[in-house]
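First the structure, which I've put down as structure tokens, then a few questions once you've had a look.
Chains: A, B, C and D, in written order; residue numbering restarts at 1 for each.
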Amino acid sequence: MTVVDAAALTAWVREFARLVHEQRDTLTQLDSAIGDADHGANLDRGMTAAVAALEATPPDDPAAALKTVATTLIKTVGGASGPLYGTFFLRAAGALDVGTDPTHHGRALAAALRAGYDGVIARGKAERGDKTMLDALGPACDAFDEALAAGKALDEALGAAAEAAAQGRDATEPLIARKGRASYLGERSAGHLDPGAASAALLVEAAATALAGRG
Amino acid sequence: MKKLINDPADVVPEALRGLAAAHPELRVDHEDRVVLRADAPVQGKVGLVSGGGSGHEPMHAGFVGMGMLDAACAGEVFTSPVPDQVVAATRGVDGGAGVLHVVKNYTGDVMNFEMAAELVSAESDTEVIAVVTDDDVAVQDSLYTAGRRGVGVTVLVEKLAGAAAEEGRPLAEVADVAKRVNATGRSMGMALTSCTVPAAGRPTFDLPDDEMEIGIGIHGEPGRRRVPVAPAREIAEMLVEPILADLDMTGGDGVIAFVNGMGGTPLLELYLMYAEVVAVLEKAGVGIARNLVGSYMTSLDMAGCSVTLLRADDELLRLWDAPVRTPSLRWGA
Amino acid sequence: MKKLINDPADVVPEALRGLAAAHPELRVDHEDRVVLRADAPVQGKVGLVSGGGSGHEPMHAGFVGMGMLDAACAGEVFTSPVPDQVVAATRGVDGGAGVLHVVKNYTGDVMNFEMAAELVSAESDTEVIAVVTDDDVAVQDSLYTAGRRGVGVTVLVEKLAGAAAEEGRPLAEVADVAKRVNATGRSMGMALTSCTVPAAGRPTFDLPDDEMEIGIGIHGEPGRRRVPVAPAREIAEMLVEPILADLDMTGGDGVIAFVNGMGGTPLLELYLMYAEVVAVLEKAGVGIARNLVGSYMTSLDMAGCSVTLLRADDELLRLWDAPVRTPSLRWGA
Amino acid sequence: MTVVDAAALTAWVREFARLVHEQRDTLTQLDSAIGDADHGANLDRGMTAAVAALEATPPDDPAAALKTVATTLIKTVGGASGPLYGTFFLRAAGALDVGTDPTHHGRALAAALRAGYDGVIARGKAERGDKTMLDALGPACDAFDEALAAGKALDEALGAAAEAAAQGRDATEPLIARKGRASYLGERSAGHLDPGAASAALLVEAAATALAGRG
């Protein structure tokens, strides 16, 4: 059985799109408190387009799936999250090398996510603790790597990653934002979850759900 | 939500259709949501491109025309445009003398314009310089944060750099004018009410009937502090004093004073505010050389205003007085 | 009440102070609350005087200048000026060729301007003709009532008769232009929210979140009917169709289409509305020769809009295109 | 004792100004329902100025008192009520001829009020029943005349006039306005008192109060 193939990643993207659509209002409300009330609409627009693009031209290989998502997000989202999520998927696509051995797929995926995460850092020049999506993505990558290193199965490792992402999201609440729109609020940004961290937690949760049972 | 709209998802393309119908002197690329001078590209002239999220009208599309912008990219409401739009605009205004990007300092705007510039330089030899405006004194300027927001000064940059480009000056000089305006201009804003983003359907923030937000931006983001509603006189002090504390505005040839409405504030109140701003500046010994009063950079239906002061000199005043012919700023032509 | 004001009783004089500071090309008589062209009276030119209650800015003071009004009288908010103001304005613009009073059809405006004209004719031999605008199709035109209100057409009368006066035409002809514009122009307005009169301190009417008023005037008076909030597309029909039913707008050289914001409505929505108005007119076979989109005749902070259509001809289009140089309407100069 | 002298009419004007100031918000609220929410502010501004003018230059005779009120109202009120109340006082001043016999003062005052009322009709071109101030002023003039004709004392006659004015004001409620700003509302103007009728009722009430005990 192929673990990380185009179908699996398409399923991940679909599940992320579904979650974003479902939680569109929640994301927008989080962005109302410390931003400009568009994060839900932005990502929903982008992910709806990404799913449509994958349907229009089903990708041949897993990297192609991620690349389609990347270019679609860059073309349709705008704002801060468009280039950032776009860069995430673009770098992940470039780094994804599943090879022929299914038992390596987990580590290949972990490397791709890590590359995506590094891409977001490079593009947005933020650090962990700045109250951004990095605060969910970073812990997720770490937890994923650790679980795989500890010999956990993909399922379990993704579960750990999703758990870490959710914790990272929750941990943004007390932080004072230093990057993105929330930084304009200064100390008033404390006491609210970061919307991008919330959507990033959905991204990892979607991976855990969509890839469940694959290894 | 009470707005003159149809489906909230269609607000931007539908408004662009109205703009195109109202202004035959503009060309609207509906696919890329770019508004251009009908005569773009003007050969031998530096092209000026700006853009950003929609909801700030007339900025930027209302400033496209002779003496100001060559093109504006309209993003979704409060969402910066995507790189493809900026690429299309840049190509559309490239008259061989290079293109200036006027970018407001928001993470999204900066990144999307950067990616567009990368794409343009990968595919052509069009020279692009980006000037990022960051004039909002409500936000602390710090290396560790996203820095200050670009607000009212952007309108002045577009007018003044646009006039410099219209004079036929080279890209580097036009960019220098833009940078100088940004460096010597500062702004501060306040809101009496929140705006409502069409796709969100409810006010971005709740504000009790007896409170206002000081230090707001132009995206419905809450301000730096919430205080009791005050008379215009005191509001003028709350806006002007932080600007003067940040940048010395005395000396030189006086300032260009810009009192801007946020979209839901009537002109009657803006003129009244302008009188109060004049009073505060007089007390501070700051002369006013030129002024602009009106709703030029809005935040949807937000009630409130911002004040922008620009320390002027001979050259900037000459560029200010130069003819401009756009839907929303027009004189001498 | 959330407004950028000090004491509600001082709104008008304080706003006039701001206007005077912002526009050195105007002369403001603060005692009489009259705004004049700085070069008034222009010798040999018919003088145009208008005025009315304040709260409709930029109308009328924002239309004082070359090619439009010579003077505007600012009454208290929503209260027509008193005769003394109109007398002062009339005297101030009398360049020997007579004075045209442009009066909106409200009992108060008509009576105060009439009394002023009586006073002027008792004291001097200045010839005064008054043209009363009454273009609002929301109100039934009847001999037994106060008749229709004067609304959007007033702005067009001021532009077109102003251009005729600037051409040096005699009083009777300038008055004829004004009458013709009023006779061939019609308007209809709607509100999404009430305005708040500063001295009253609370909204003039309550409007639930899901309802709007159709057939409103510009004084916060409720409209003819209250209906559920509808998409812009349907609102455009509700405004344009009664106009077309009242006056045939086909034939001729097309219409001048004016989409006006009521003060609290952002430009983004007005352009969107304009696109819908264009669509309705296209379906009805009415061509558009010129247009004006913006907040030119407001009702304080009311959210909403009005549509005015004027059946144009060669002469009116020529007068429309003629240069105008006022704070709020300016082209060709 | 002089019944209708400058002091008496000044007292009437003061009392009217006091009532208008006291009921300013009520008048504005009535005008909010079917007009433009300024009637209270308009009349309050005008009557405050009228009282100040009478204080600045105390009138020599009763007609002069009324004339000062007239010109002050015309100069300071604007709107519909400025010229109308101004005309009312101007015509009343012109018609007021108290002569030397105090027993004729009542009839002289009645004639002046009637002249003022006719002036409002001439200026505003409305009729009774159009839902305007005429609907309070007209019945008041009629009742005043009738009471005097029936030999009633001034006190009692003014009381009857005030009563008639109040009834006239109340009777405007069901009417559909045909003149003034309320006429724009068409049938929606029914069901509300006319603000001008309400202020006119105060005018007559003030006369009854201020002139009480004078005859």
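Quick note on the criterion: a residue touches a chain if its C-beta (ideal position, glycine included) is under 8 Å from a C-beta of that chain, and two chains touch if they have at least 3 such contacts.
The structure presented is a predicted model; accordingly, all values stated were derived computationally and were not measured.
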| item | value |
| --- | --- |
| Touching subunit A and also subunit C, the following chains | B |
| Taking each chain's C-alpha mean as its centre, the one farthest from subunit C | A |
| Separation of subunit A from subunit B, taking each centre as the mean of its C-alpha atoms, in whole Å | 33 |
| Centre distance in Å when subunit A and subunit D are each reduced to the mean of their C-alpha atoms | 76 |
| Whole-Å gap separating subunit B and subunit D, where each centre is the average of the chain's CA atoms | 55 |
| Graph class of chain-chain contacts, one of line, ring, star, complete, other | line |
| Contact set on subunit B toward subunit A in their complex | 53, 75-84, 106-108, 111-112, 115, 136, 138-140, 144-146, 149, 197, 199-200, 204-205, 217, 219-222, 224-225 |
| Subunit D to subunit C touching residues, read off their complex | 28, 32-38, 40-42, 45, 74-84, 123-124, 178-181, 183-186, 188 |
| Subunit C residues within the subunit B interface of the complex | 2-7, 11, 14-19, 21-22, 54-55, 57-58, 62, 192-193, 209, 212, 229, 231-233, 235, 263-276, 278, 288, 291, 293, 295, 298, 300-301, 303-305, 325, 328, 330-333 |
